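One chain, subunit A, links the two complexes that follow: it is found with subunit B in the first and with subunit C in the second.
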Partner chain A sequence: MRPFTLATATDAREAVRLVAGDPDAAFLAGGTNLVDHLKLGVATPGALVDVTRATSAEITDLEGGGLRVGAAVRNSDLAADRRVRERHPMLVRSLLGGASGQLRNMATVGGNPLQRTRCVYFQDVTTPCNKREPRSGCGARGGYTRYHAVLGASEHCLATHPSDLAVALAALDATVHVLGADGERSLPFTELHRLPGDEPERDTTLAHGELVTAIDLPALPPATRSTYRKVRDRASYAFALVSVAAAVELEDGEGWVREARIALGGVAHVPWRAHRAEAVLRGAEPTEETFLAAAEAELVDARPLDGLDGGNAFKVPLVTRTLVATLRELTQERES
Partner chain B sequence: MDTAITLGVDGEVYRLTVDTRTTLLDALREQLDVTSPKKGCDHGQCGACTVLVGGRRVLACLVLAGTADGAEVTTAAGLADGDSPHPVQRAFLDNDAFQCGYCTPGQVCSAAGVLDELAAGWPSNVTADLTTEPAASRAEIAERMAGNLCRCGAYVNIVAAVEQAVEQATEQATEQAAEQTAGQARR
Partner chain C sequence: MTDPSTEQLRPVAIGSDLERRDGFPKVTGTARYAYESEAASPAYCRLVQSTVARGRVDSVDTAAAEALDGVLLVRTAFDAESLETDDGELAVLQSREVAFRGQVVGMVVADTAEAALRGADLVEVAYSPAPHDVVLRTGRGDLYAPEKVNPSFETDTSDGDIDEAVATATAVLDRTYTTAMYHNNPLEPHATTAYWDGEALTVWDSTQGVHPTRAVLADLFGLDRERVRVVCPYVGGGFGSKGEPHVHVVLAAMAARAVPGRHVRLAFTRQQMFALAGYRTPTIQRMRLAADQSGRLAGIAIDVVEQTAKVKEFAEQTGVPTRMMYAAPHRSTTHRLAALDVPAPSWMRAPGECPGMFGPEVAMDELAEELGIDPVELRVRNEPEVDPESGLPWSSRNLVACLREGADRFGWADRDPRPGLREEDGWLVGTGVASSVYPVNRMADSTATIRREQGRYVVEIGAADLGTGTWTTLAQIAADALEVDVAEVTMRIGDTAYPIASVAGGSSGMTTWGSAVVNAARAFREKFGPEPPEDAEAQGSTEDNPATERFAMYAFGAQFAQARVNRDTGEVRVPRLLGVFAAGRIINPRTARSQLIGGMTMGLSMALHEQSVLDPRFGHVVNHDLAEYHIATCADVAEIEARWLEEHDPHVNPMGSKGIGEIGIVGTAAAVANAVHHATGVRVRNLPITLDKLLPALAG
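== the complex of A and B ==
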């Protein structure tokens, strides 16, 4: 492992100053992804700046029922928060369906969406990878593609984004607050991640040294029902093959669909906001046919991959079934 | 590059100098000879290195020791109260919840964390209604312990042990609450 200096920033400005001014420096939060990458040789920073004390670890109320979640809030604390449990089941289930109890106690809300892909070739420094080493090639192409993308991939990279929380935040229309060398800015969560294109080394739209300081969760209309459904190779403690975060509001709680917010995980380089599926659902009756049409609309551009392991064509029907099942669960009458 | 830190480990205070690349797990095992946390995978995947930091269960193999300056670490070896084992340790013995024992210190620390998380009313991925305080069913326990792998496959007895420990902890809490109310009534 390359030697590095380690500093603890006590406020956000100091953290940004330390990292923005040094191209070799990186923020360290819970460490559950970055420390692993130091060991694997995937990340080779010369300086680490611990930011767990530089941003807020509090969840505060915003006017109108929204919540502001500090970047240093641990995943387990966000999932345990009474307000979040009552207002955002989708978010809580995405957190609790991820990693393990120990990891959730460590992982932060700022670090989780910024974790890097679990593509095995990215993690194995003996294989080529355009994301790890620009223009070295893509080991995944024609290789093991079970966990790779069916939407939005490029010839340079087929990786998927591994975070569960990010899928829920994308569906929820969360807002990200960022501090950089030039000051503060905020952006819609759906603009945080980017498709690989010809620059797969860039996961996000953040500049080097930009620090996520907080994420805002908007209030949803009270009649909205939401959940997160994750399909994986074992019942617990595994990354998603595919996942669906969905929030649906029906007219008078039982009629046509007033509003639908959907995002898909395990299918793309970004948490995939399913605008096309939402458009099919909005204003329609919540029937099985509508749900299928919504899934089909979202997947028209799906491009499954071949691979040594049989490829990932299974993801197209799997997304369809998972989305339909999730929408059914959210729109059927509540058992009383 | 070196950094000086202070660690509280199982009731002892240590001052030590670590290379910034050292994990908490390696600092404990290699520098302090605290060997109850085990190294299974060294990548956060197995749970063998689980310890409690400030009372919360974490993976010592993914914590840089330099970021743990001032932390209070409890390992499985420090859970007991003098000669009387922690309820989780007692329950592991009663239920024969191990074979080779390599994963056991991590399992025990993780279970101690599970007890506290249940007492605090934290939901899990198998909790049907997130707004309720989940009861400690076998499904709840298995889900909460999913981050601790056991290559010997002692899972059935591990779940039984944690179940026993939760029951005991709940009984103790009820008794203590009853004693308190009785004490208040006498006053």
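== the complex of A and C ==
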């Protein structure tokens, strides 16, 4: 553990100035992941800037039914917000499916999507990891790959993104507001994370010193039904083996699929927006065959990994089965 | 006829569900654990661990660490003090050889925990690595038979002719089952505060036995035992991993000796607990059952392959329960070990019985299915009249009553035995049963003192309370032995300042310490009568129980589980667990229930979740924290119920009690595996039962 300084920023501009000007500095929000990394030696910043008072902790209404969620809103507060509960059951389930009550009370909406992979080799400084130590090798390849990617991995990195909330935000077409040294910008949430390629040390498209200040949730058409299904090795306090965030709107609530938004968790370096599956669903009848075809389309390029205990080949059928079951649940007749 | 040594107490306080005496200080945070013991100006010790699994330390560079503000000293194998031991695990910093990855190769002591941690990071170690060998498998050419298995059982046994029994039986089952590597993971890490006053050492250590720890430390440091004091009033769980000292207490004592006048605190990190605190070996169990058409066993055999460490041998007695469980005239059990470049395995809750009742109890379920016999009935049909191994009668054996009572409470009679038929809301549902067993153990060497102080009866014995309830239950035993109200009894335990007590292990605490307390009470009353003067004092010790020559003594139980398996995802949930036990007289129903459902929860955890993933390329457990090494969470445990039968056993001890700390974990995993099979038709023989093992067989 390296000694560091700790500053508390009272506004976003000050926070950005403190971090952008110091390559050795990092933002600290809820600390539920970074503090672990400090203790493990995975992160060794020389300066931390506490941003929990630098951004908004409010959830405000936007025109047209959308919501703006300040970056400092705690996960548990977002999950408890009446408007969010009414409009975005998928989002609430993703939040409540994550971590534990104590961690959700600490974690922030701005920080949660920026948490880093739980790949055991990334978290163990005695093993190689290209993400932690560029060009040191990938410890996961041929090792413990149960929680690793089947989509979009590179020869340098097999890691998955661990956030549940991020999967829901990717499916919802949320927008991220960012403040950097050069001013404000916004980007679609699906463009926040990046595939590992040959720079696995970069999880996101943010530049050093760019601070997430808020996330906008767009309104969904009123007939949309959404949910988040997390499949994991125990009933609580476990990362997803596979998760599915799905929102489906049927014509007249029972006919063909007007709109489908799907994102997958536990399968890639990013919350994986399932565009191919959505394309198959759009305009189709909501049948078991359609759902299966959607899953298969999305998994055409899936590449399961070898590894201890059979690697992660089980994830490919698991994604299919979980996606089909989730779509079935969202489209079947509601019992009166 | 009963022996004088087991003449029964009249239970008054015994049997009442008193609250824990240590409950209030614990929940209000005033109970001080080892790392929090009082110290005027403590120093802190952090460890440097090997990053190779085998090899030799060529050199260390400690300059940067030593130059760091607050660092008091750095020690490595090049300059650590010499210890007197041939224990390969405890001989820490005695050699430059590296025997496993994560082995301690240095320590840093500093004024603050942060400086010590930073200092440990700055120690540079250069190794000559050597190839390592960490993979357990059956085909290895170097498997060997240990001299004995833990603690002193025969390695192999053979009665009758198992091969002949298998060759001539109507029904034969020959299957291999595996259990994973497990880490005990008590909530409180292994921790010590150590202090030297001249040539006298005091350690506040988190341990299951203050006197056994004292004996080891005295030998290591070449001290008379009287010069070592070990204090441990509270333990945040041990599950066997604090039964024998590990290197933390040795290192803390070495560190404190090197910084005279300072208390030194050392606690393992969670990750260090996966390398330095013992674990349960993975096991590979080949089971053979030979039976007639009615399910009566002619033969039962288990051949166990498991691992030990080159640095120190530990041979888990996995095959032992098969020797006595069922009435099969032809029996064979073997143990073979692979000695690997890994940390030393050690005790974990019910060593032997816990893994050793997985293979056999799933095999019994498979046999029941093959023969079309109800699995409860199959076990009843194989009930032995006397102990098959020793030929002795049972002091008491109520397995059949447990099975019957459990079946009744669980609604077993309505069970359709066919697998894979029941579905509720997208979940496949099934039920399973397995037997439990645990021996009645009594340790040597425990003494209690009873003294009259300010009108109260003060009981002193160096016993341990791991969260099991000793503070409370020993007081109940003392009260009934003295024939006084339990409120008049003061307990003093967990300190070598009190008379010697054995380790809290083998579920032997109540039998051993309780017998000492009863003997002390009887001596006290004999000497001083009903109205003792102030300062009246008497001692009593545990004695050998001659009845063990005439009876086989065990507790038994039956475990019932309901499993639900998601039709789409293969996720497994266990909405209901019921354990029915016959374990003699229950001293305190409140703490007993906690012990039993705690064991069952750990067994559920073993069934579904726990697995230390050893990466053979690196040689260490890579899922070494509680986020990645899964234990059951509250959400995984739904309806869980422990019941016990009234059982009168006049032979075990004066309380009529049998140990209950371990039996709860025995058989649980098999019951869950059997329930999963009943739900899905999939027989999972390799723990843990995870969804990937079920998915291929679930319908489209």
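Criterion: the second predicted complex is superposed on the first by the 336 of 336 C-alpha atoms of A that agree within 3 Å, B and C clash if a C-alpha of one lies under 4 Å from a C-alpha of the other, contacts with A are read in each partner's own complex, and residues count from 1 in each chain.
Here is the rule we use: contacts are C-beta pairs under 8 Å (C-beta built on N, C-alpha and C of every residue); 3 or more make two chains touch, one makes a residue touch a chain.
None of the values given here were measured: they were computed from a predicted structure.
With both structures placed on the common chain, the touch criterion links A:322 to subunit C but leaves subunit B unconnected. Once the two complexes are overlaid on the shared chain, A:187 sits clear of subunit B and of subunit C alike. In the overlay built on the shared chain, the residue A:207 is in contact with neither subunit B nor subunit C. After overlaying the two complexes on the shared chain, residue contacts for A:3 are found with subunit B and with subunit C alike.
Contact with neither subunit B nor subunit C is seen for A:62 once the two complexes are overlaid on the shared chain.
Of the two partner chains, subunit B and subunit C are each touched by A:237. Legend: residue contacts after superposition of the two complexes on their common chain; A:93 is shown touching subunit B, with no touch to subunit C. Across the superposed pair, subunit B and subunit C both touch subunit A at residues 1, 3, 235-237.
Within the complex formed with subunit A, the subunit B residues making contact are 1, 3, 19-21, 23, 42-44, 47, 50, 56-59, 62-64, 66-67, 69, 110, 113-114, 117, 120-125, 127, 130-131, 142-148.
Remark: subunit A residues 1-3, 41, 118, 120-121, 123-124, 126-127, 139, 142-144, 231-239, 241, 308-310, 314, 317-318, 321-322, 324-325 touch subunit C in the complex.
Per the touch definition, subunit A reaches subunit B in the complex via residues 1, 3-6, 8, 28, 30-32, 35-36, 38-40, 48, 50, 52, 76, 79-80, 85-86, 89, 92-93, 96-97, 99-103, 105-106, 235-237. On the subunit C side of its complex with subunit A, the touching residues are 49, 51, 114, 117-118, 121, 271, 426, 568-571, 573, 608-609, 613, 615-618, 620, 622-625, 627-628, 630, 632-636, 690-692, 695-696, 698.
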